[in-house]
Amino acid sequence: MLLAKVIGTVVSTRKEKSMEGLKFLLLRQVDLDGKESGGHIVAADAVGAGFGEMVLYATGSSARQTVMTDKRPCDAVVMAIVDNWEVDGEIKYKKGESD
Amino acid sequence: MLLAKVIGTVVSTRKEKSMEGLKFLLLRQVDLDGKESGGHIVAADAVGAGFGEMVLYATGSSARQTVMTDKRPCDAVVMAIVDNWEVDGEIKYKKGESD
Amino acid sequence: MLLAKVIGTVVSTRKEKSMEGLKFLLLRQVDLDGKESGGHIVAADAVGAGFGEMVLYATGSSARQTVMTDKRPCDAVVMAIVDNWEVDGEIKYKKGESD
Amino acid sequence: MLLAKVIGTVVSTRKEKSMEGLKFLLLRQVDLDGKESGGHIVAADAVGAGFGEMVLYATGSSARQTVMTDKRPCDAVVMAIVDNWEVDGEIKYKKGESD
Amino acid sequence: MLLAKVIGTVVSTRKEKSMEGLKFLLLRQVDLDGKESGGHIVAADAVGAGFGEMVLYATGSSARQTVMTDKRPCDAVVMAIVDNWEVDGEIKYKKGESD
């Protein structure tokens, strides 16, 4: 899984039928300090993540292992909202601080 | 899924039998402002996407989760045509504007 | 799928039993003008592609969705020989010309 | 599989139900000398790896081939703790030395 | 599949139970001339490859399509030892020469 920040949303009316009802979140990868860096990706939302939240997303066939994405042409899913992470024993990101 | 623009088509007469009837779209990834950047990829079309449209495509085994691509040697599929997307609360792309 | 050119072959006598009878093609990715660029990859041949031909190849589990590669440890397959492609309405490659 | 070092942990209370009970390790890839380099990734822990340990992790659908990750939206798993590795006949990393 | 050279081995005693008995080879990708370049990866050995040999390895779910790796958290497998390869009609690597 990769750490990313929810930076926006993507809207599509004309899509594969099975994708109806799924919310598309626009994510951008973050570095270990929580700063946006690296690429952006669009992921289905399986946990009700909101704008600005730090999340974990899974890709590939693993992205279909949720009730919402099962058997759908979906290759990325937000499967966790991050509370905090630490590196070398130091808290590098904590939800609610410096978002 | 990744955001991309339909920039062309690929024609092939000699191909895996199961791929007959599939339309191959040539896509190029776009940045958050909708400008072409990054690599190109060839994807099967599952939604009737047209030239110049912004789309979402899925890769890997997820690309086979449509009626058109099921059990075929296809590793990328256009599964949604994008109406618009927003980043940090600002509309960055809207279909019909500045295409 | 990705566009590539057949630049050579790889020979192996000692290999996974299930791989016997498969031809290994050496491919190099091409840019939108058909010039070799980017990385090389080895793919099984499912369509009888020849040296110098432009092809499409699929990777991952999709590479096993052909009769020749089913249930084999093969993660890339040439599944189409390209006749031509166009970008922005212009033919960029046509088989038989400037090969 | 890739060689990586456990550099931290990620905590999430709001996540896909099936992910409960899994420990998320923050990994950073290492070069052949064991020095941190390259990207970071978050992987589920299947072997009880501790902070600072060198591990092997698997990605994609292979990351779901453990009892702990089966059928879960998990695309990376630590499946081995590394004792040592050698390159060109020379021990480059040995657990317990120069950690 | 990708061309690589066996440059070493990785030893692990504490690992996923299903991984017992598998040999972990340390590989480094090679360029078309057979020179080491690009990244390193750890792959299970399905063909008895030895130090210094040129091999082909497969990744992802395809890496589990061997008797030795079936249903195991293994995402890369050496499935062929290379005898030779040619590029543009010229032998670029031949086993036993200039190893």
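Labels A, B, C, D and E are assigned to the chains in the order they are written; within every chain, residues are numbered from 1.
Operating definition for what follows: a residue touches a chain if its C-beta (ideal position, glycine included) is under 8 Å from a C-beta of that chain, and two chains touch if they have at least 3 such contacts.
Every value quoted in this text rests on a predicted model; they were computed, and no experiment measured them.
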Inset, instruction - Could you name all chains that are in contact with subunit A and with subunit D at the same time? - result: none
Inset, instruction - Indicate the whole-number Å distance between the mean C-alpha point of subunit B and the mean C-alpha point of subunit E. - result: 33
Inset, instruction - Using mean C-alpha positions as chain centres, tell me how far subunit D is from subunit E in Å, no decimals. - result: 20
Inset, instruction - Scan subunit A for residues touching two or more other chains and write them down. - result: 59-61, 63-64
Inset, instruction - If every chain is a node and every touching pair an edge, decide which shape results: line, ring, star, complete or other. - result: ring
Inset, instruction - Enumerate the ring members one after another: first subunit A, then subunit D, then the rest in ring order. - result: A, D, E, C, B
Legend entry - In the complex with subunit B, residue positions of subunit C that touch it: 1-3, 31-32, 46-48, 56, 58-66, 69, 77, 79-89, 92
Legend entry - Parts of subunit D lying in touch with subunit A, wherever the complex brings them together: 7-16, 18-19, 24, 26, 40-43, 51, 59-61, 63-64, 71-76
